[in-house]
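After this come two complexes, each holding chain A, first together with chain B and then together with chain C.
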Partner chain A sequence: MAIRRGRGVAAINYPTGMNLGGDPTQALVHSTPTGNFMVTLSSVDLGQGMKQIMAQICAETIGVPTDRVVVDTADTDTGPHCMGTFASRGTHRAGNAVIQAAKEARQVMLEVAAEELEVNASDLETDGQGNILVKGAPQKSISIFDVALSAHFKRGRSISGRGMFLIPRSYPEKETGAMKPSTCYAHACTVAEVEVDDETGEVTVLTVKNVFEIGRALNPKMVEQQLVGGSWMGISHALYETTEPYYPNRDNGGTDFNQYLMPGPGDLAETEIIVLERPSADGPYGAKGPGEMCANPQIPAVANAVFDAVGVRIDTLPITPERILRALKAQAAS
Partner chain B sequence: MELRKNYFADVRKDDLHEIGQPRPRSDSPGHVTGKTAFFADRNFPGMLHLKMVRSPHHHARIRSIDTSEAEKHPGVVKVLTAKDVPHNVYTILILIQIGPEDETVLADGKVRWKGEAVVAVLAETERAAQEAAAKVKVDYEVLPAVFDMEEALKPGAPLVNEYHGQNYYLYDSGACRKVRFGDVEAGFAGADHILEQSYQSSPIEHAPTETTGCVVMPEGNDRFTCYTNTQAMFFTLDNTSIILQMPGSKLHFVGGTVGGGFGGKVDVIVEPIAILGAKLTGRPVSFIYSREEEMQISSPRAAEKVVIKDGVMKDGRIIARKVTGYTDAGAYSRHSPYGAQKGAGHYPGPYTIPNVWIDTYCVYTNRTPSSAMRGFGVTIGDFALEVQMDKLARLIGMDPLEFRFINAYRDGDMKAHRQPTEGAALIECMQEASRAANWPVAEKYMAMSSYKNGA
Partner chain C sequence: MAKVPVQFTLNGSEEAEFIDSGTTLLNALRDKIGDTSPKGGCHQGTCGACSVIIDGELRLSCLTLAETCSGAAITTLSGLSESGVLHPLQRAFLDTFATQCGFCTPGMIIAAKVLLDHTPNPSRDEVVEALSGNICRCTGYEPIIQAVLTAARANSQNAA
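After this line comes the complex of A and B, so read on.
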């Protein structure tokens, strides 16, 4: 009887957005009288930080600091339609809608600034700090604060924009299955290292090294929180979780967190996250949707590591100590 | 976390001001100081609490329902049964034309899984609602049930759901969604080795911190404001409008920060019945799942079975792959026909294989209806695919990571569902994993690229 060590690898891809498309999201952007910007959506923030990302996307597109943008969302009386927050679609779909709306608002903003500065709008650029400058002559400038005041009280303009993003729905061909499930895919490769106690069947995940390719990390800190959380969830799926431990038997399901097993802080592996960026052709600033895929590669990587450690294949999830011990017993018997 | 900018450096730009910056989240201070408002923080005077009477049987005919004792229970204001629901038989994906309507808001004549909602009790307190629910008498005639997908697909199995007429979802392509590419049998015939393996998973709970629920306020203008933690505002509003036969203009849905979704809050379960309760009583209504309901009543990730048959050559090329996927929908569709179909579009994984055959089935059993969950249609499939890849590598005596390089898809490669690969990055992820994990592979693999005609 011994503690045995093994490692396993898995590589995956994952589609961004609702499968087969047909899932629209719309956005509205407008400025306040003092040049702050309001993004109006009906998308839902599930705690992943959608509001923050939409603010950064709007700020980048308009050309103002992020703290000049407020996001109002998840209200059907004010926000235009969003299909919902699922299928790794929030950043990709809503982000594109926000960019389109912000571009339209930016154009009005530049037109008002052009009137104030008596130049052509096409000769203007933003400095990202809240000012509009004449290209090549930055001493000639106006603040977005003053442009918004002018638009509201002097010029009678609405600095606002409408945005929408829709990937047309694909219908699978009946006999061949020819279809377009998605327009862009995120990627991952995970190497997991485990110890397996061949006396108790207990698995300890020592390290998980994840490489994720996600198009573009719009906010690296928020990407990190999502990828680390996903990696933990993958380990949890591999080794712990089920509401019905003896499928197809319906009994023995957990009804609270004492009975429904998940890893505690002491069960979490040393987790490494490495991000690669291959910008997607149709993502907002190149982003893809990593929300779901980041929890997938750990499951087979851990399963393969268990085999590497003790030489038994557990092809049924979750990989419990009971299943490992039964497999070891069958292996010894044969 | 480390950002490795040396990969794809020719297509990355670093000329942005706000994007790419690790700005602190504007909502974090609210979360960590307990100031963020969630839907359940709304507490209105006169608010009623809704509790469900649920089926104790997996499959049964309802002979009769007697609510008289429950109605007399102190604090009870209203008891709802199927006849109170204007459009009781529904299915949520009808909004994207994926029917038929196959599920009841409140059971009508039959229950098809243990835990199915039968009677809704509205009372002044949660306790009164719970006590009154226990006084509802339902006379059941227990019917044979089927719990296993393979059993459900056999001739003579108990019929789970009459609205489907058979124990699988009928796609326009037939009993399964199909993908056919190349000639898979010819591929097997020419292969050096054949490996067929079967993989199985069990249902998994989303385990959000905040359980599913909503609070409904009837407004003075004949509208209803529904404070909810749904993941999809208009999807829920539009389905509620159908179920209650109420114009969408009468409905106002307000979300906010959700305490974790993971796909568990897109089923449109609590909102329609809570709004109906508010309409019929004229009072605010709260319907919030207990932790037990969240774990055993709300839809889990489906149990899946995946059978993979591969033909592989000694040099490491996979030349044929046949995948048969089964998704256990439980008693009702919810999002499962979509999930099973997503699997068909995902297999054979991120590998270029010339001969592919895929069948994915959505199967009905007398189990808790499964539905959306982070990655559904793909997550369990990836477990099966990537364990299979490990077995294949070992079968031909090849390093598992090198074996993946040989088969990895690259830009321009035709996928089984007949889309050319674009924006691939699997090879680069594996190269970086090789370095990070100190898992060396031959130099020729480290020189590969996902780009078209890459080395």
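After this line comes the complex of A and C, so read on.
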């Protein structure tokens, strides 16, 4: 009986959203009288930071600082339609809708500015600081604050825009079943190092090294945060978490945090995160969905590492000491 | 059923309420007084989201009866910032991106505050130990550990 060490690797690709029934998200953008911009969505921020990302996308498109944008989410009674925040689709779908809405609003904004400056709207540009300038003659400018006031109180214009992003439904080909369930894929690869006690079946994850290819990281710190948490969650799924440990038998399922196991701060593996940015063709500013895929590759990597350590293939999650010991027993018997 | 009077200091202010006997401190704080910074995660003492400080000690407000707190000094997350200036722990949680959905954050910061009050320069192991009664779903804990260590460093630099 001994502690045995093993190393496992796994790679995944993971769809951003899914279009099995058509996958739309809509957005509305309008300016307030003082030139702040409001993004209205029905999409939900679960804590992953969607509001921040939508504010950045809107600000980048219109040409204002991010703190000039307010995002209102998650009232399906009053907001434009969204399929929901799931399948890692929030940034990709809502982001594209926000770009479209913000472009339309920007166009109205430039038209009003053009009237005020008595120039052609196509000759105008934004400085990203809240001003609109004549290209090549930046001394001729107007603040977005003044443009919004003019639109509201003088010109009778609504600086607003509508956005709609729809990936149409994909139908399988009758002969082959082939279809296109997603247009955008993120990728990841994980190497996990484990120790397995072949007497107790207990697994200790020593290191987890992850590479994530997630398109453009629109907010690198928030991406890192998501990936670090996701990597930990992947380990947790691999080794601990289940509501039905003897599925399909429902017995002995955890009913509270005493019984539903998750690793605590004392059980952390040494974790490394590397981000590769390869902008996607159809994502907002090249983004893909990093949300769920970041918790996936750790699971097969740990299963492979357990196999490397003690020579048994565990194909049911989580990889509990009981499952390892039963597999070791069966291996010894055969 | 007759209401029970309870009086304590909450974040430096006197509070007096009549409550139903058996009301937990968590429910009294949230529903009677309106301080919703302690969160009700499990209501059975296993998640730490409802952590508060009672007379300098870390306590789970979901397992504490409000009527046992008469005369006590209670601190919640709401009481940490002063005149709109964030507490160093709050600052550090922001700076190190140690919060995502935010539900565990009040309990984490309160647990960390009690640690730093007693142990201003904790080791990593001491931080881990202090946070081990608090559950987080999103962060993987490492950013939270780093936030507490960052706040401790900031405190010791200010003291020096």
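Here are some notes:
One rule holds for everything that comes next: the second predicted complex is superposed on the first by the 326 of 334 C-alpha atoms of A that agree within 3 Å, B and C clash if a C-alpha of one lies under 4 Å from a C-alpha of the other, contacts with A are read in each partner's own complex, and residues count from 1 in each chain.
One rule holds in what follows: contacts are C-beta pairs under 8 Å (C-beta built on N, C-alpha and C of every residue); 3 or more make two chains touch, one makes a residue touch a chain.
These numbers were taken from a predicted model, which means no experiment stands behind them.
Look at A:268: by the touch rule set out above, it reaches chain C but stays clear of chain B.
Contact with neither chain B nor chain C is seen for A:3 once the two complexes are overlaid on the shared chain. When the two complexes are overlaid on their common chain A, residue A:258 makes contact with chain C while staying clear of chain B. In the superposition on chain A, A:224 contacts both chain B and chain C.
Once the two complexes are laid over each other on the shared chain, residue contacts for A:233 go to chain B and to chain C alike.
Taking chain A as the reference chain, the count of touched residues is higher for B when chain B and chain C are set side by side. Once chain A of one complex is fitted onto chain A of the other, the partner contacts of A:330 are absent, as it touches neither chain B nor chain C.
In the superposition on chain A, contact is made by A:49 with both chain B and chain C. Residues common to the contacts of chain A with chain B and with chain C across the two structures: 46-47, 49, 221-222, 224, 228, 233, 256-257, 262.
By the touch criterion stated above, chain A contacts chain C in their complex at residues 46-49, 221-222, 224-226, 228-233, 256-258, 262, 264-266, 268, 271. Chain contact summary for the complex, chain C toward chain A: residues 41-42, 44, 46-47, 97, 100-103, 127-129, 131-132, 135, 137-145. The residues of chain A lying in touch with chain B in their complex are 7-15, 19-20, 22, 42-47, 49, 51-52, 55-57, 59-60, 63, 65-67, 73-77, 79, 81-86, 128, 169, 172, 174-182, 184-185, 187-191, 209, 211-213, 216-224, 227-228, 233, 237-238, 241-250, 253-257, 260, 262, 272-281, 285, 291-293, 295-297, 299-301, 303-304, 307, 313, 315-318. Those residues of chain B lying in contact with chain A across their complex are 1-5, 7-8, 11-12, 16-27, 58, 96, 114, 147-149, 151, 172-174, 177-181, 197-205, 207, 230-235, 237, 251-263, 266, 291-292, 295-296, 300, 303, 338, 341-342, 344-346, 349-350, 358, 365, 367-368, 372, 374-375, 377-380, 382-387, 389-391, 400-401, 404, 408-409, 416-419, 422-426, 428-430, 432-433, 436-437, 439, 450.
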